[in-house]
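Two complexes are shown next, each including subunit A; its partner changes from subunit B in the first to subunit C in the second.
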Partner chain A sequence: MINGTVVALSRWQFAMTALYHFLFVPLTLGLTFLLAAMETVYVTTGKQIYRDMAQFWGKLFLINFALGVSTGLTMEFEFGTNWSFYSGFVGDIFGAPLAIEGLMAFFMESTFVGLMAFGWQRLTKVQHLIVTYLVALGSNLSALWILVANGFMQDPQGAKFNPLTMRMELHDFPALLFSPDAQDKFVHTSIAGYVTASVFVLGVSAYYMLQRRHMALAKRSFRMAALFGVLATAGVITLGDALGFVGGHAQPTKLAAMEAMWHTEAPPAPFNVAAIPSQSQQRNLWTLQIPYVLTPLITHTTTQSVPGVDTLEAQAVQRIKNGIPAVEALKRLSSNPNDPQALTQFDAHQADLGYGFLVQRYAPNQDVALATNADIAKAARDVIPQVAPIFWTFRVMVAMGLLMLAFFIAAVMFTLRNDAEKHRWFLKLALWMIPVPFVACEMGWLVAELGRQPWTVYQMLPTWMAASSHTVGYMVFSLAGFLLLYSIFIAVEMYLMVKFIRLGPSAHGRESPAHGGGSAGTYAPAAMLK
Partner chain B sequence: MEAYVILKSLWWLLLGVLLMGLAIMVGMDMGVGTLLRFVGRTDTERRVALNTIGPHWDGNQVWFILGGGAVFAAFPLIYATAFSGLYVVMLLLLWTMIVRPLGFEYRSKLPGKNWRNAWDWLLFLSGFLPMVIYGAAVGNMLDGVPFHFDWDMNSHYTGSFITLFNPFAIVTGLVSLSLSIYMGGAMLMGRTEGAVYERARKAVIGGGLVAAVLFALAGVWVSFLPGYQLVAAPDPGAAQTPLQQTVTVASGAWLHNFGAHPALWLVPVLGFAGMLLGMLAAGNHKPILTWWLGALAWIGVIGTAGAAMFPFMMPSSSDPSQSLTVWNSVSSAHTLAWMTGWTAVFVPLVLWYTSWAFYVMRGKVKSEAIEADEHAY
Partner chain C sequence: MKTFWMFLVYLLIALLVIVLGIILGDIGPWYFAWLVGTVMIVLISAAGGALLDTQEEEQESSRA
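Here is the complex of A and B:
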């Protein structure tokens, strides 16, 4: 029925295009708020330099924004082009947040971003400020709806399977919107964007300070980014903990993989700081442990038990056995939706429908009625995602978060003492820190999405069923096309970004006579603050 | 009539409105992209042309994104079946569309002649090709597409992508392209002067003329094309899948709706009227009227396709009884009700601030202003 290679290639394509898109999104989310903050200072104090800051960073923002918009289009297509069974299966509930995102958020962001760039001469100061805030609001609301959609895949709240239409349907919109997983994920992710933008602005400002160029602009940007960044990093860590807490309960298999817990241990269980997990042997070949720490970390208690891989697999066997009659009933309902016996059988077993699908792949002729105990055991093994990559991407993300917290605390200290430019090592470090938040964001995506496997919709729809039934040739064609285009895009974007950073604010001083003294020339060291 | 039937029909109409919004707004920008090299002979002229839509293309593009989102949310089976079935064509559409934002944003960032020429041609391609594909997609829907479903509603497309470029689909693709050239020209007329204005005016008249001729040709062609008819199906108000109906195919069946409701003939008449009066308005140097008449033409053209096919949305040529209709591919009543609420609040809001954005940026784009504004494209 479905070719395993096609599913694998579809997964690679989605992961690559999503990770690529997610290189540009966090910077957009955070930079809009920094732009709004700079412009707010300009409007309230009337100081020209803050307008120049908003315009300079705005220019870099737009270079990044264009590629974010482009690659976002791909995501909108890809559910339908490559995950068509998924799209039909959950479109009733998953499509709604995507449509509302367009209607409520993306329209706002995109309409006002045009006015933000082109409206400096045509809008009053206050009008332009409001426009900038609407761009920030729009991009963040956009993230909200996208993550509500993603939250549904992680923890499907507010939906019910309808055997008459063969799909999941919405039955409680507020439950979908206010799903704890979605809400924590939204705050965690958007704040991660604020961290990203802060590191970016801080790094680029440090570059100018190292070169003693544009000092007035660089020092003010440095300070704003440091303050914004320290708050954001503290927030991202707090919400990360909350997300771990919520996710740990909603997705025990992801949690077991994140912590490389092969066996359920009596609380308080030890925490694996580092480990070499072996999936085939279902154990850690080597670990570095801190005793007792895991239980309070995960459950916020000392007595609650955290299920390991062994317990989760045993539970899966039971659920698969209970899910098989649900799939059988569904097949009968497909040809006769009014079969009362099938309906009763489906109702009794529908809680484990997804587990029934899980074994379908291994059953002879994909007929779950013929599934043997060996097939069931294989399917049960599948419920544990790949432990090693999840364990390590999670640790890299956390380590980077803590590193950035220390970095921002130092930055705040220096900027409050007003001597950041004297610590050249720190300025150099700031420049090298620029890639860190981008990598951390990508790691976060990997933890979330690899950890969701083997499901596309957690415990409802296995990934192997969700893909479109294409040929391998089609997939190679599309992968090659994306690879080619995206490589060119990133080269062009990076080239322009680096070029415009190197040129600095002076590159945009052409219009200075129109509004007096905005050109780079006035940023000579003599005109520095103090 | 029960509420679910009303909701289903309402969302069919709303989808139509979104497609019209997409065709009018995105089509206009793509028309400017297609015309860029031809209305602008010098770099400054091209920059003037680009900057007429500079502040708006991004907002306009959301009509497309919203269109996709609305199909996904309101007609999930259409989204799933069409996007995966037309895979190669969808990728061509996507790849040309994702170059466009970069073209706008990056083209004038560097002064090099080769750099700018390369982006100009990419903007041409990303205006020209998507419009042909949109139109061809509608043509293929009228023609029927070979697909069928498994028992669990997994869809399989059994044609090759070459068949999607059949002669009829190319004609509908060119209708769409020429109307977008008309609209791009109308926008350029409104916001430029001198040589660019004159060339744009010619493009409007040319685009309108070709569109009118091809639209008429497509109409005649459709009357010979096999059309689809619902013979037996569950009640429109029932929750259902496409596995429970019987559909027949008969030549000329796409005209049955017009036969049953002769008032529907007003829809294609509206399309022709928009094109013909629009050309007249362009001849008389009335850019705003030209634009609105072009929008009317789009409403007529898309409305005609919808009126002919209703209740079909995506007929299956290989297994007609598994064709997708408004009744069997739609979302649940609960989803449609929520979506209706969001739409009722936000569509008026979007229309209001979009109009405001156009009002703020009103007037002619002058070359001196572009030279002075560092944010200009």
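Here is the complex of A and C:
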């Protein structure tokens, strides 16, 4: 059995690299479409200011894009280096979307990013606009395939375990691509990126407006980001609910943890606004509840029951008992693939194979035939992920989403009246809002991934058996290396962003006083983009 | 105070739209919704930018 510390360190390493990477991704996803919107106005109206806007925000996009790519590459290798059993077990399915992501979206994105950055003087206006849209589409398609792969881990659709090859095999690609989890997750994540970019553009524009610099660019960017953001935030909340609805059916254990529901209650169940969950006592030490709200929130009905931890653990006991014969049959098939009795036994119990694996770690000598009721009870307890972190990260994410909705509505109101610059308190608030969507995105990722535990592939492959068999020393060394390297990347990103934001748009000198332009720009880093 | 009430009205409208979206889209064709929604968001944002130009031109002409 793989050392538990190695598994924990492998999880930490992937979590840290993914969390770092996910600081860059949402801004890339959203900023590309905002750039496309700015350039669309430039092409349709011919006004230079929109070209200046597209070039200035494009410069910040490039900084973010470069660092996003460099942090993302290592993660693809981590599947092989740190999660080799997982890669072998589901490589047939997982490899397809990952390869498409690499070949199609990634190359498409990278190629057109080059054209977008260096093509201003070489392409016609319309050609450049098409290129910008292709960059936007490419970056979001890149996210699509990653999230299809992740959707499979959350809700394995379109695949079947083959007892003769001892791995999962893809048998229905459309089911994989169009799984409800993948669809919801992609749209939720992509639009969360739009929100992130909108808050970022709005915050930086507010900074210029506070300083009364680059007013033409700032006011237009503020307006476009506010409208972009309010619609995107409404979308992200709607999709968040859809994801909860789909997840409630596909991953009831995650849902129980998100809501700190230790016991199944008669519908309509109360909603825990705040709680102090105790995993060891399997109860909430303190709660603040709103009666009758949870059931309609989760099921969109008032009569459907939402299973709590007690029910889910009881179901897990039965599924583990049913999964044990599947693992036993698999053992026999590994030594004799032509054993018809073993094959029949496996077919009868294969639905709960993953639950059989779950108890294997507690069984004497990892022989599931020797598993006692106490072992089964321990494994059944494992199916409930850590409630407190999931409960609170989910609430932080939701609170931030609602905060951003209110923020964007106020921004839209002020900008439509064309007096945003008069509300200095709001401009200062906009600056402080910049980190909010980044934190919300990180929280969302934590809810999704912590909530999937103890599984790497939900109900199929437990995390404890998915990792590679490294030494603890190797894992500690590589984890420390990644932390150091990625912290440097973050520092570089912050430095470059702040530097280029302070310098301002390169073409500022071209702004006419009629556009509200202030003093001439102090810097011309346009060479970077021409 | 008027601004605050307007803010509340808009916030309520936004929440109503979200609730409608939730009711209508339990298991929706979300990829399609993403395509349509993204185009809509981009166009409305672009139109907002163009509208600002018109507002500023109007303000200037009224000042002149």
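The rule is short, and it goes like this: the second predicted complex is superposed on the first by the 505 of 530 C-alpha atoms of A that agree within 3 Å, B and C clash if a C-alpha of one lies under 4 Å from a C-alpha of the other, contacts with A are read in each partner's own complex, and residues count from 1 in each chain.
Note that contacts are C-beta pairs under 8 Å (C-beta built on N, C-alpha and C of every residue); 3 or more make two chains touch, one makes a residue touch a chain.
Keep in mind that this is a model prediction, so the values were computed, not measured.
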Does the subunit A-based superposition show subunit B and subunit C clashing or fitting? fit
Thinking of the overlay built on chain A, is A:118 touched by subunit B (first), by subunit C (second), by both, or by neither? first
Once chain A of both complexes is superposed, is A:418 in touch with subunit B (first), subunit C (second), both, or neither? second
By residue count, is subunit A touched more by subunit B or by subunit C? B
Which partner chains sit in contact with A:262 here, subunit B, subunit C, both or neither? Use first/second/both/neither. neither
Rounded to the nearest 10 degrees, how wide is the angle at the Cα centre of subunit A between the Cα centres of subunit B and subunit C? 120
Taking the superposition as given, does A:406 touch the first partner, subunit B, the second, subunit C, both, or neither? second
Which holds for A:93: it touches subunit B only (first), subunit C only (second), both, or neither? first
In the superposed arrangement, which partner chain does A:207 touch: subunit B (first), subunit C (second), both, or neither? neither
Taking the superposition as given, does A:187 touch the first partner, subunit B, the second, subunit C, both, or neither? second
A:110 in the overlay: touching subunit B, subunit C, both, or neither? Say first, second, both or neither. first
Check the residue A:474 against both partner chains and state whether it touches subunit B (first), subunit C (second), both, or neither. first
Smallest distance from any CA atom of subunit C to any CA atom of subunit B, in Å, after fitting: 19
From the superposed pair, tell me which subunit A residues show up as contacts to subunit B and also as contacts to subunit C. 514
Complex contact set, residues of subunit A against subunit B: 1, 55, 59, 62-63, 65-67, 69-74, 76-77, 79-82, 84-96, 98-104, 106-108, 110-115, 117-123, 162, 164-167, 169-171, 173, 330-331, 334-335, 337, 465, 468-470, 474, 477-478, 481, 485, 489, 492-493, 496, 499-500, 508, 510-511, 514
Can you check the complex and tell me which residues of subunit A touch subunit C? 33-34, 36-38, 40-41, 44-45, 47, 50, 140, 178, 180, 183-184, 186-187, 190-191, 194, 219-220, 223-228, 230-232, 234-235, 237-239, 241-242, 245-246, 300, 405-406, 409-410, 412-413, 415-416, 418, 514-516
For the subunit B and subunit A complex, residues of the former touching the latter: 51, 54-59, 61-62, 64-66, 68-77, 79-84, 87-88, 90-91, 94-95, 97-102, 104-106, 109-110, 150-156, 239-241, 243-244, 331-332, 334-335, 338-339, 342-343, 346-347, 350, 353-354, 357, 360-361, 372-376
Looking at the complex, which residues from subunit C come into contact with subunit A? 3, 6-7, 10-11, 14, 17-18, 21-23, 25-31, 33-34, 37-38, 40-46, 48-53, 55-56, 59-60
